[in-house]
Every structure is written in C-alpha cells, then in structure tokens.
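Naming follows writing order (A, B, C and D), and every chain is counted from residue 1.
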Amino acid sequence: MAIDRMSVCYVTDDGTVPAVSDVSFRLSTSERLAIVGESGSGKSTLALALAGLLPRHVAEISCESARIGGRPVDLRADKSVIPRRREGVSMIFQDAMTSLDPVASISHQFRTVLKAGSGLGRAEARRAALNWTEKVGIHEPERVLRLRPYELSGGMRQRVMIALALCSAPKALIADEPTSALDASVSRKVMDLVLGLTQELGTALIMITHDVDLAREYTDRTLVLYRGEVQDLCATAELMSPERSSYTQALMRCVPRLGDHALDVLPTLTTSSLPVLETVP
Amino acid sequence: MAETHVSAVLLPRARAARTHFPWGGAAAAFLPLIVIVLVAVLAPLIAPHDPEKTVADTRLAPSGEFWFGTDSVGMDVFSRVVFGARIAVRFGITVAVCATAIGILVGTFIGLSERSRGIQSALGGALNRVSDYIVAIPDIILAIVVVGIMGASDLSLLIAIVLTLVQAPIKLTRMEVLRVRNEAYLEAAELGGESRARAAFVHVIPNSIGPAMRNMPLIFGNCVIILASLGFIGVGVNAPTPEWGYMISSGLSDLMLGEWWETVFPAVFVFLSVLGIAYSSRAIPRVWPRIAAAFSTPSKKRKNLA
Amino acid sequence: MSWYQRNKWWMVRVMRLPVDVFVFATLAFFLIRLLPGDPVSVALATINQPKTPELEHNLRIQMGLDGSVWDQLLRFWGNLLHGSLGTSLDTHLPVTREVLDRLPATIEIIMLGLGGAFVVTMVLGFLYIRFANEGLRRFIRLTTGFATSVPVFVVAIFGILVFYVILGWLPAPLGRVASGQSLPLVTGFPLLDEVLTGNFADLGQTLLRYVLPVGAMILTYTPNLLTQFVGGLDRELAQTATRFQVAAGASRQWIYFSVMRRSVSSVVVIFGLFFGSLIGGAVTIESLFGFGGLGQLGIRAVSTADFPTLQGFMIIIVVFCLVMFVAVDLVNMWLDPRRRPGVSSEES
Amino acid sequence: MSQEAFTLRLAGVRKDFGHRRRRITAVQPIELEVRSDSRLGVIGESGSGKSTLARMIVGLEKPTAGTIEFNGRPVVDWLSSRTGRLEYRRRVQYVAQDTSSSFDPRQTLFEAVATPLRFLCGVTDPHEVRSRLRRIADELALDPAMFGRRPHQLSGGQRQRFSLARALVVEPRLLICDEVVSALDVSVQGTVLNLIKSYVSRHGMGLVFVAHGLPAVSFISSELIVMKRGAVVERGNVAEVLAAPSHPYTRELLSAYSGPDPVSLEAAR
C-alpha cells in the first residue's frame, strides 16, 4: 500500500474544512503501522478515508497517487449514499456492539460477507464461518453462530467483529481505536489476537490509537498526526529519540509512566511551543 | 473533532451555528405564524362585509365586489374566510398555551415521581397510565364524544381539544425530565448543597421544557385541523359563525354542481395555514439556538470576572 | 430453550390485551362522568317533549346514569363481562352491534389508505438510499417537508374538484356503488364481499370510487411516514454498524436490506398511532364521500345526544386501536428481538 | 484556612445492586481508613466497584451493609439533617469523570462554581464570591474570563478543571476524584493531574483518587488499593506494591505497562 500526498476535507454548509492534509506513507505486506494523535488530529478521518467510508457528499479526498496491493486505486470517495468498499481494505472499530448489525444473527452476518467476497455457497459459507469463529478463539462456534450480537458478551463481540473483518482476506486491516474502551489487560489480549491473525494472513495492519504504549508494543512504524498534518513518520522504537519533531517529543513526555510517583510535576504539553490545543471549533 | 465532524455532516439537519445574528432566518421562520395571527387580529379591517349577514344574492361567482363570491345564503365568502382565521387563531392560541402549560406541569410531576417512593410515585404512575390510555383514543373521536356529552359549546370544544393535545407535551416533558434526572450536574448540585426543590426548579424544569415549547406551534396546527374536521362533520362551532370546516361542508353540494368557490377557498386557507404553521414549527427550533446565542452574548460579558 | 421460553414474548404481550381493554373501559367510564355537563339535560334539550321529572328519570335509567357512581360502575362491569355496552336510545339496537356492523367498512378504507402510504414510503425510502442522485434525494426530503397532517378531507376536496368537477374522470362522491344499488353483506368488508359474491361489476365501481379517498389518504399520510423513515435511514447510515458492513465487505443488497430493516421500526410505530387518528380521519372522509360507516354513527349519536352509543362507540374504537398497538409491538419485537421483554443486552 | 484533621473510616462496607434474583455485589465488605494526610489511589478494571466505593463515600449511594464514619459520626447521620449535610459536603467533595454533563448547560460557569460557595460556605456577598472565585482560578491556573462562558464553550480539559474548581472552592478537607482524567487526551491529562497533586499537597488535604490507569494513580497517590470484582486484592504503599506485587492480578496489570521503555525520562528531556 502506498499513499502519496493525501488530503481530506469535510464538506459543510460553510465550505470545506480541512481534516487531513498531505499525508504520505508506504506499507508493505505484514507491516504494522500506528497512527498516533490526540482527538481532533484527524487520525479517524484518515482511517475512514483509507477504507473508503467517506461518501462524496461528506468529504472531498484528493490524492496524488495511491496503490493498494500493487494496483492503483482511486481514493476519491464514491458517489453513492452508502459508500462502496475499498477493495482489499477492512476496518474494525472501537465499539463492537454498535459495529455489528444488532438484529441479524452472527451466521447471517458471516454469510453476507463471505458470499459477497468469495462467492461461496450456503454450505461452504457456513463452514468458513465456523472455521473463522474458532480461529478467533470462540468456544462452541455452532451455538454462537446462531446468536445475535446482543446475546454475546463484550469480548465475544469483539472477536466476532475481528473475524468478520478478516474473513474476506483483506490486504490491509485498519483498526480504529480497537481497544480504548477496554481495560489494559483485556486490550492486550485483543491486540495479541489481531496481531496473530494478521501475521498469519500476511495482512498489513494500520492501528489508530491515542495510546502510545500500545503503539510501541504492537507496531513497527508510527505516524504522528497533529491537526491533520504529519509530524513524524518513523520506526516506533525511535519515537523517543531526540531527532524527532518537537511535537512528538512533547507528546511522548506527556505520557504518564510507572515510576512517575517520584516526580513532583508531570511534564505537560506546553501551549507556548505549539499551536493552542484547547480550542473548540 | 473528527467524530463530531462526521456526525455533523452525515446527519443533514445538524448544522454549524453561524456567528452573525440570523435576522433573515428568524424572520422566515416566524413569518407564516405572524401572517396568520395578523389576519386574525386585523380581520375587521380586512373583511369588506359582515361575515354573518346576507349581503348579496346567493351563489355569486367571484368578482371585483365579492372576491371569493357569495355562499348559498348570500354571505360574502372572503369576509367569512378572513373571520374564520379569527376563530382558528383564538382556539389555536388558547389550546396551545393551556395544553403546553398543563403538559409541562403534569409531565414534570410524572417524571420526578418515577422511581421515588410513596404516594407521590403512585399518583405519578397512575397519571402516566391514564395519559397512555388517552393517547389511544383517536382525537376526533374523543372530541365527538366530549361534545356529544357536554353539548356543543366553545367550552366543550376547548376541553375536548386540550384533552387530546395535552398528551404530547406531557410525554415530551416526562422524557426530558427522565433524561435530565440522570445528568451529572444534578449530582453536582446536590454536592454543592442545593436542596431537591431548588434543583427541580433551577435545573430540571428549565432543562426539560425545550421539546414541549418547540411543540407549541404544532399544537396550534393540530388544533386548527381538529377544529376544521369537527366543523366539517358538523360537531364544531355553531352554525352562522364563520368557521372553515363548517363552511367547507356547507358548500359541498354546490361544489358537485360546479360552484366551487364556497368550498375551495376555505379549504385553501386551511391548507395554507396548516402548512405555514408546520413550517414555522419546524423552522423555529432551527433558528432558536442562534437567536438565543445572539441575545445571551451581552450577559456573558457582564458576568466576566476579568 | 423450550418452546415456551422462545415464544413467551408475544404470548405475554397478547395476554395483556384483555387487561388493557378492561382498564381502559373503566377509565372511559370515569372520564365520561368527570366531564362537566350532564348528558341527560343535553338529551332533554334535543327532545321536543314537555320536560317532566318522569321523562328525565326514564332517560336516566336508559342511559345507565341512575344510582350512585359505584352502582353504575358495577352494572357497567357486569355488562362489559357479557360483552354488552348498552342499547342505543335512538334505534334501540345494542350498541355493540351498531358499531361492529359499521366497523369493517371503515377498517377496509383505512387499511387501503394507510397500507398504500406504507408501500409508497418503503419505495421512496429505498430510492433514497439506493440512488445518489441529488435531485431525487432533494425531492424526497422536500416531500417530508410537507409532513403534517393537513386534514385529509381538505386533500380529498381538492381531488374531487380536479378529478370530478373539472376533469370528470372519476364518479361523484356519493357512496360506494352507483345510487339505487345496495351492497351484498357477508363479512362487512365491502370489497371482500363483492369478491365473495362474484359481483365484479360492482367491484369495479367500488374500486373506482375508492381511488379518490384512498389517494387522498396516501397523499396525506405518506409524508409523515416518510419523515420517520428518512430520519431513521439517515441515522442508520451514519451508524458504525453500516460502516462496518461496508468495511467488512458485506453484499450491497444485504446492506440496503439491513439499513432499511433497522430504520423501519419507527415507521411501524407511527403507522400504529396513525391507525387511531385515521379512524378520526375516516369519519370525515366517509362523510365527504357518503360512505356511511362509523362516521355516520358518530354524527348521528351526537345530534341525538345518544349517550350509550357515544360511550360504546369510543370504547370499541379504542379496543381496535389497542389491538393495533399490540400488532405494532409484535411486529417491532419480531423485527428487533432486543425489544422483547426480558431481553437485556449484556454490558460489555 | 482551617487545617483540621479528619478520619474517614469504612467498616465492613458492602454494596449490592439489583433485586433478589439478579443481585450483584458491586463492593465486597471492605475496611478502609482515610486520614487528612492520605493520598489513596484506587485502581481496578471497569466493573470492579471502585466508582461505587467513591460514590458511597460522598453519599451518592447508600451502602447495603457496614458503616462509613467521618470523624466518628456515620455519614448517613451527617446526611440526615440539613446542617449536617451541608457541613459534610463542605468537607468532602467529589469530581466525576463525565465532563460533558457535569455542568448545567444553562448556567454560566460563574454560577456553577459560585453555587457551592453560597450554599455550603454561606458566602453571599457578591464581592466576596468574586474574590473567592478569583483566588481558586488563580490556584488552578484558570483564565478568569472563562467564568462567563457556558460549559459547551469549553474543551473537555477545561471543563474538568472547572469541576475541580467547583469542588475545591469550598476548601474541602477530602477530595474524591472518580476517573477524572480517563476521558481526556494525554496532553491534557498531565495538566489536570499536576493541578490536583500540587493543590492537595499545598493545602494538606486528603485525596481518594479512583482510576483505571496505573501510571496516573502511581503518580498522584502514596498508598494504593487494587480492586477486582468488588474485592480489594492488594493494598499498600505505592512504591512497595509496584516493586513487589503479591496478587496475580496486580502483576498482570503491571505487566501491561512494562512494555519496552527504551529511553529513560531523563534522556527524553
């Protein structure tokens, strides 16, 4: 996947509002990229635009060139009211409950994806669905497939969502804050699962998060966004190095760490060195 | 920010508030209501003839003298239509104010007594059930029954229409009160030492009357509709009074013979006024926050500490 | 899960209906007696006879208004259990029969009008999400701008003016069939009866005469239903669930279906509410087109101050509304199992 | 400013939710003591009962069993009379996680912050109210001009600082913070945490800090209790717990934060 100079503007009554400007990055098979930023930095917008989920009446997307899986793609948004899927890109969201169709059974949701994606028949689709539910570590897949999302526990829903997103074998998986609603220990388990499956399938992973620790643990490279602009794109391990941009350094210092109880004052992002953060548009 | 943008844009009705004062928008929103009320107030000045007297031959076609023609007893249709607005507005405003006021009080009471204990809760629950059942009675049927039992009079009409239309503000206010009850600022008020009664009046009611207030023009519109429907089936305001529904039905037999003006003009007025009121009731809530914002700006400066 | 557990949700809801009916009837009993004004004196005013205390007393007994309120209530309950709501003062027929004879014809026209509006709403809603054509979408939005209950009889009058008075395409609004003919009576539903008796000439006539009233109802009620539907569609389109379906690669047809299914329940609720208000609307339509159904009965009861008929009339109509509400609830529970009682989604 | 000492003691406090059949114990019987110099951190995953514990202390929930005593007098007793309630509220204040609904949208922040001052401290003189507000704004580094705004005109971080101001303006002896930073961005979290820490130590007051993030809790508190499913599984001095956790759950929590930390804080500066 290669994206060159991509910009996204939201269309409002009062003209367009730029949300992401001039983002470029490359991603190879099985690579893992984190997009880190605070709320309002445009990271979710970037994710939606990449997955093709912004219809044309919502946002304008411009891009110099974009390739996914070696083939050039037109990143510009689709015209239809319900956006069309970007071939080869899947996405998972923060809240599994609202992401799944609340009234359709799990097996039905698998079937619609599997039939559309790989043209499987009913029986084959069912076998594939069983296979996938087992793969994400759900016991009694037969029973779970019959249930509807509201009858599952939160963890199960999360797993079902991951299975659904990956069962069409996408080239890249975008995870939008996949774990920020979860507790630290649970979120590690979910991330381990996602990581294992993507590695197995050779799927590239783009993880959107505000949790720098999570990014450091699970990704190879990190893209730091601030107000829609790329501040840094580097190997995740080098985030702390002094060559990074001033914003990245400031952001890294802000992350509270174990052992800080020895300090009197936490480092904070000072507004003097950067554009004001606390403004409500 | 990204999330708010997406939802703001995907939901077409949520729009970014503009900073300048929206005179144009406000005027456009209120215009239909103002025109209707003006016609009602100025009816004696606008109408060229007495609406309840025979002034010419029967069934004259519209002309320069009688703009909308005359009806089957020779009364001027134009004057009657204009005075008809008076009846509609008088009923509409009375009903809207009464129903909204009663609805807010009852709705707040029901909302606050839910999940409380003792007699208040029982009473609130009973009121809520009663209101549930009254909603099930079709409005015109309820009006027919009330008028049939009390005899035809303005009071019985008023009671009938208020009884049906008060249910919406009750439900709206109750829903809001139930929402507001869970807001963290009520806890904050308690922690700040405010008493329950004070919190109810200072925080709960002001924050929950919005929907009921916005519903007011809609009640006005519905009242016009019910009144016209009742007049049309002959259960409404008594005979010579110029009431739109009654005028429509009394001209029906003439309509079949091609003398359309007696029926069509009042029908057009009902149509226009109901649409106008509906337009206003939809447009006013849209412009209201901006108007409120424009007016609250000075107070903001006054309260500043710096 | 046992059969009982799986089907409990709708059985519980259906079982509640008789209780609702009973509670409502009692409520109506008190409501009517709490109104200021005395039905006996209203009735006396309509009778051209010298007003003697005897006459008044007889009238009071006929109306069931003699004795204390509690006596009246006990008698009312007793009658209710026997399915009796009193006798009409005017025709001396049981009120239940008076109302039930007329109800099917009214229900038929409501179902045609409202059902038509529902179908049109579904079609427009599908076009709304299927095609990105801005003109079409703006047209649909504009339609919802008219969402207000302009009285249905006003719409019908414009219809009569255009199609009967000016163009002369449709027959005069004077009953269901040409004058002089009478309708066969089997089930009470006019169209159905004409089919059952094989009376196809009349069927054609009736259908032709239904065009205007049903058309007026569709025109009046579609914008209201459509407002709900388009609002629901807009909301569902913005939902993460829809985005995830796209992102995960679900088929297009399924996404359309899923979005519509999730948006339709508010339309069904409004449908149920309108069913009630449409009985009112049907009263005006029936009186406009000379159909003679419930409307005729209600108007006659008011003009003769026929108290038992009024009371029974209201109760039976509301019972039908309550049945409709149950149906609406059941449809919604079927569409969305989360609405079933006893289902609570686990907090994650 | 009074520096009066206090003791808050929880003895066998338990909290159940729901009715007979679906009864859930949110907080298992708990023993706890908070003194005027305690800075107690409470950590646990969501649903571990830590918020319920905090809400019971301020009296927003009633314990099912056990007693909470403040200065030897049960909290229920404090709250039963009007004067007692006001006095208790003046000493114990609470800041919640939710920043979006914690202020009445119709009131300016001035009114919101002045209300507790009026009711709890009996300060009615407008001049005095203003000076007290200016003082608290000063201490929490708030722009006094923002008092004229309404809550929706502020960002989440600013609102949270104003909730702090509302709680601290009455100069309480004990501050209960319930997940005050978990809804905020990292960059803003530091600001709020610093404010709380410096204010509490400057005024020598007690603090109960409830959170699910270990780093924040370890920064701000001196003692720590770890809760899981309503029960306290570990307690002790922060440094000791972090150095040698005894319960497996605590170890799991710690391991979640012990990712590669290649550069020390000194180097990052």
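For this structure, a couple of remarks:
As a working rule, a contact is a pair of C-beta atoms (placed from the backbone, for glycine too) under 8 Å apart; a residue touches a chain by one contact, two chains touch by 3 or more.
Keep in mind the model is a prediction, meaning the values are calculated, not measured.
The chain with its Cα centre farthest from the Cα centre of chain C is D.
Each chain gets a centre from its C-alpha atoms; the one nearest the centre of all protein C-alpha atoms is B. No other pair of chains has as many C-beta pairs in contact as B-C. Note: centroid distance chain A to chain C, computed from Cα atoms, is 49 Å. Taking each chain's centre as the mean of its C-alpha atoms, chain B lies 23 Å from chain C.
Averaged C-alpha coordinates give centres for chain C and chain D that are 56 Å from one another. For chain C, residues touching at least two other chains, in rising order: 237, 347.
Touching two or more other chains at once are residues 39, 48 of chain A.
Listed in rising order, the residues of chain C touching chain B in the complex are 23-24, 27, 31-32, 35-37, 39, 41-42, 45, 141, 145-151, 153-154, 157-158, 160-161, 164-165, 172-173, 234-235, 237-238, 276-281, 283-284, 287-288, 295, 298-299, 301-303, 305-307, 310-311, 313-314, 317-318, 321-322, 325. Across the interface of their complex, chain D is touched by residues 38-39, 183-188, 210, 212-213, 216-217, 237, 240-241, 249-261, 263-269, 277-280 of chain A. Across the interface of their complex, chain A is touched by residues 45-46, 153-155, 157-158, 185-191, 193-194, 197-198, 212-216, 218-222, 238-239, 242, 252-254, 256-263, 265, 267-269 of chain D. Against chain B, the residues of chain D that register as touching in their complex are 58, 60, 82, 85-86, 89-90, 93-94, 96, 98, 101-106, 108, 110, 112, 115-116, 119-120, 130, 133-134, 137, 143-145, 147-150, 163, 166-167.
Remark: chain B residues 183-185, 187-195, 202-203, 206-207, 296, 299-306 touch chain D in the complex.
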